[in-house]
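Look at the two complexes coming up: chain A is in both, with chain B in one and chain C in the other.
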Partner chain A sequence: MANTDTVLIVGAGPGGMEAARTVAELGKKVLLVEAQAEIGGTPYASYATLTPDLQETEAAMGHIVRGIRHNPSIDLRVNTRVVKSEGDIGAFHVTLENPDATQTVVEVGAVVIATGFQHFDPGRETQMYGYYEYDDVITLVDAEAMFKQGKIIRPSTGQAPDSVAFIQCVGSRDRQIGNKYCSKVCCGIASKQSIEIKRMLPNAKVFIFYIDMRMYGFWEDQIYWKAQEEYKVNYVRGIVTEVIRRGGKLLIKGEDTTMGRPVEVLMDLVILSVGMEPSKGTVQMSKIFSVPREEHGFLQTVGGPLDTVSTPVPGIFVAGAAAGPKDIEDTVSMGGAAAAKAVGALNRLALEV
Partner chain B sequence: MPSDLYREVALEEKQRLFDEVKADARYQGYLYGCYECGICVAACPSARFYDFSPRKITQTLAREDVELFYEQLNDDVWNCSQCFSCNRCPRQNSPGGLITIMREVAVNNGLRSMKEALAGYTRIIYKIMTTGTQVSPDMLQEDAFPDWGPQVKTVSDNLDVWRRALPPETLHTTGLSWQVEEKTMHELYAIWKLTGTLDMISQVDEGLHDIMEEIMDDALEDSGLRVD
Partner chain C sequence: MQKAKAIELEIAVVDGVELNGTWNRMFEPRVISEYDLSVLEEITNIPGAESLGYCYQCGKCTAVCPVDSVGDYSPRKIFRRTQLGISLLDSPDLWLCTTCRNCLRVCPKEVNMIDIMPAVREQAVLEGKAPAELLTAFENTARYGNPIGESARKRADWTKTAGVPVPVMSQKKAPVDVLWFVECYPAYHPRGKEASAALARIFAALGVDFGILGTEEKCAGDSQRMAGERGLFEMLAEHNIKMLSKYRFNEIVVTDPHAYNAFLHEYPKLGGEWPVRHYTQFLAEKLAGVNFVKGIKKRITFHDPCYLGRHNGEYEAPRSLLRALPDVELVEMGHCKQTSYCCGGGGGGMWLDGFTRDYASERLSERRVKEAVEYGAEILAVSCPYEVPRFEDAVKSTGHDGQIQVMDIAELMAYCMGLNEGLAIS
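After this line comes the complex of A and B, so read on.
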């Protein structure tokens, strides 16, 4: 079994990159497969800055990305998809496919799936926010694209907004939509973005309409209190039911629940805090590697809170948001844990031989 | 947020009063941010008896909701008993302190609602300012406080005797809580003048202000204390 010293890592985002680095440090070979042309994953591709410390993503992650590309123990294959897998722990025969449909079969001893999430598509919703109707209704991701250019504008006019409303839990915590879970990071990202907007536009009024603020750990004072106290961001408990065009502006309707009164206010820009769903790659890997999905649709792990990376399939591990909504710090921690367990599995096999 | 109340008052005027509150030197130390936990309301005695919420006051200021601020400046701040039980706030806000500032702004700007709320208090102001004490033993009369029980009559009939039975001589008073020395009164006058307290009274009751100013100026002139 010549290749039992190789770990296949599927997906080169923060979780996959950390798994790759860790496997390499532990002395095994890495085959790192990424479907996109670029590595770094969703945060690197779509976020101008990271939560919670507002570091510029390029500065924070660029050296990790370059390190992966230049690591002699890591065989990186971009523009490559996993299309089939046969065999078991110690000898998975995995078929890889290039964009030109060329297929190659590789043999690996263990697998880490780090195929992540995709943002909820706010066109598929029961709330009436008009994402595909109104230019000035955007998502967190659209806002990040503007931040990368150092600005925040109303797409309809190209002008800076005087008033901005974030709507939380879009696509999350909603039985009708089918996603009962909290996506964990959107409260933090919205708070981070509200700070960035106020830094660019100190006179703009910024509102965050929420159900519960989920600002666990240090995020509480690092971004939530900071946004409220230093940047006077308005947190209003109550979810907007509807966005309607009124003149050149957007009328948002909701309830200010802690003040006990209905709210109807005009906004220049509405930002939808879209949550996480399993990415297409995550769904595909579930089928290809026969890893069951848990009730929310993400890859299933065994051991509950005490083993976050082992799947029911021996030799196959998961890291990051493929296993459910995760922030970057949890994703990276899982990447290291999955790598250690994958290398441990290979070491045990070597002893048995 | 827009408000249906006080539409006749221009937004600019509401903003001016809000800015005056915000500019107070104490404001930054009294307001951080509010996550609407409600501990201040739970601790607030006034909230048990009135439609009054120190949380809403704090939230409104944190949100810089100028319309709602103006409603509260008129309709809510006088329901606070200024006991500062709300200071147990985990964010270290002082809702009661914010209300202190709002009350001062309401007084200094002569709001009509303030005059109505304080109309009954001019007698008390007069008593404090002329005697240096607020509540006096001779206020203890059975017809005034029937709920204090039948012994009130016995005590009030012989008030002077009861008071002289108290060991400290300074408590042998019936029309005052205790004997206030002339020097102390002069110092109080100086403090009220220098801190602007006397000026504030002109917004509550101009006649009372003029009387007090004359009394204070004369007394201070005799005392030799300089207050300018």
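After this line comes the complex of A and C, so read on.
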């Protein structure tokens, strides 16, 4: 007997939530499993505002989160991990585990994996930009944590910075690190954050050191032009190679490539635009559901640009950054597409039975 | 700042009219009207130079390139200039790289100048485009077995001043534990010979069973290889391998990090494979048995040789020796270990000082000496035979004579062991 009414969705971030809503709207039951205590995923947990529109995350996503919690068709299990899966489309027997190690086996017809990404850890490479050495070298994520408290400060002094430098492509586009891909969103997030810093500190000098600005589509004028024209953010082509402490400040060393000259400038605060890597959950789900990872380490899909959500395993779909670096827009689109394909697969199965 | 360049001739005759000074002023054309892509194709088609075409212009290399800090050169710029149609084969850029490997350390695309430089230089040498002074060093090496042009017969003469027996393998006629490969500058340069004598005395005091090849030794050739003379390198390697193969020993100990690199990575490809250690690695292991009888109450800093550190990952052995010397205060310069600056001698730089002078605001060795002084060092300790002469010249030319001394670690160690009374530590 095939199970043709339940879709398991792993991960309740923007992609998983959208998949859950869509499956429910299409009339199937949803089992939504989230390893964390809170749903909403990485943006909801770590970002004060969203890119590109600078909406406060709570205002933008709060109603979606509450809608998921109150949707009668969605069986939400937080603090729950998927630890095992057996069977095929129409009859996946999936073992769930609670923090107290209690295990339950559920039967579902199809699966959407939406386990997302994790931020690149600059400490993984030897003293990369001195992130673990200098208090005033922080990441985009650390900056968001400050924005949530309505401030941006130099951690070493507690004072507002007079000068801030963003360094792009940290952990991305780097053969030596093994991450050969662009993480897509960091150019936009750095630009968004530079606007927020200038709103709080209009007199601060803010620089973004970049290799190429990847501001595709509307992000170009919505954040890039806006940052430069309205907020006087300074974009310098050429990446920073090293950060060294000099006096109480940080000396950034790099090249201004359009001028062809070395740069050695003192900064108060350095923000590393860390990229995306597959999350631990994404790596685990690859093993549990036997979905191969593509060459960059993310979950493999089969249709190239024409099918972004089907994996090589029938009945298992993927949404969002589990399949590669994604912004929220693409993640949510994939959530809907994965849900539609999952429900379609179950409907076909019901007809065959 | 790059500005349009005005060209004024003293006198220019236009249609029979003499125009002078500002009246004939013209500007160099600045518009790029063509990208001659065949040049980039030609360069990246040279086996070994493929990765030049991978550059995506991030500029990370520029900030750590020692040559760019004194001039206008970096791997990123080389790619752009080549893309523009300026051939590396004809450009002075080709001879400025010291193969220090700092760019490769930070390059996200793994553009590998350590492969590119010798490959393209080899082509340039074949086309007769190498600077004259480099060719002189090559010719000396081919003729005398050393780039300095000293007599091959005098290669073991330094041993007379060692004060201890330095067995030469051809006379000893017995196996030894350690075959000491001395190299050229330690055998011929006055300051190199002093360090060699000190090392011989340390070996004797520690009861090391060692021997040297003496006049049977020729230059290991690694820098000639990096400078574009692979053929010469192979000739030297074959000779040295043949000589070494005549004798029985357990390991090779080298004075020169460039020889270390050759024995570690290149000689095995040509059939010469022996365990090899740099002398600092060899001595670091013997530290427990060393009897120090006096100290050096000085602040010492250490310059990492590119070919011991970045190329082969050894940062600790020389430091453990310096830390063991009584009373020494070891200070690190800002550029140290992986980020160490370069003395300018590697990759043929040792024989290109006249050539590079026209393209650099100062020598790399001068910049390094200034850094050592900035960090308050009274002694700049080194462990590569290129460095004592280079840094001593730089101490003088930067006006720091009497303020900082340059010493090989072997000299300092022998001094503290009471084996180097002649060493004047001021």
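Operating definition for what follows: the second predicted complex is superposed on the first by the 347 of 353 C-alpha atoms of A that agree within 3 Å, B and C clash if a C-alpha of one lies under 4 Å from a C-alpha of the other, contacts with A are read in each partner's own complex, and residues count from 1 in each chain.
The rule we apply is simple: a residue touches a chain if its C-beta (ideal position, glycine included) is under 8 Å from a C-beta of that chain, and two chains touch if they have at least 3 such contacts.
What you see is a predicted model, and the numbers here were worked out from it, not measured in a lab.
Chemist: State whether chain B or chain C is in contact with more residues of chain A in the superposed arrangement.
Modeler: So, of the two partners, C touches more residues of chain A.
Chemist: Pick one for A:L140: touches chain B only (first), chain C only (second), both, or neither.
Modeler: The answer is neither, since A:L140 touches no partner chain.
Chemist: Based on the superposed arrangement, let me know which partner A:V10 touches: chain B (first), chain C (second), both, or neither?
Modeler: In the superposed model, A:V10 contacts neither chain B nor chain C.
Chemist: Now for A:Y235: first (chain B), second (chain C), both, or neither, which partner does it touch?
Modeler: first
Chemist: Given the touch rule stated above, what does A:V263 touch, chain B (first), chain C (second), both, or neither?
Modeler: both
Chemist: Touching A:V94 in the superposition: chain B (first), chain C (second), both, neither?
Modeler: The answer is neither, since A:V94 touches no partner chain.
Chemist: Taking the contacts chain A makes with chain B in one complex and with chain C in the other, which residues are shared?
Modeler: In chain A, residues 256, 259, 263 are touched by chain B and also by chain C.
Chemist: Touching residues of chain A toward chain B in the complex: what are they?
Modeler: 213, 224-225, 228-229, 232, 234-237, 256, 258-259, 261, 263, 265
Chemist: Tell me, which parts of chain A touch chain C in their complex?
Modeler: 126, 169, 173-177, 211-212, 238-242, 244, 253-257, 259-260, 262-263
Chemist: Help me check something: in the complex, which residues belonging to chain C touch chain A?
Modeler: 1-2, 56-64, 68-69, 72, 74, 76-77, 106-110, 334, 338-339
Chemist: Please output the residues of chain B touching chain A within their complex, sorted ascending.
Modeler: 1-2, 32-36, 55-56, 59, 62-65, 68, 91
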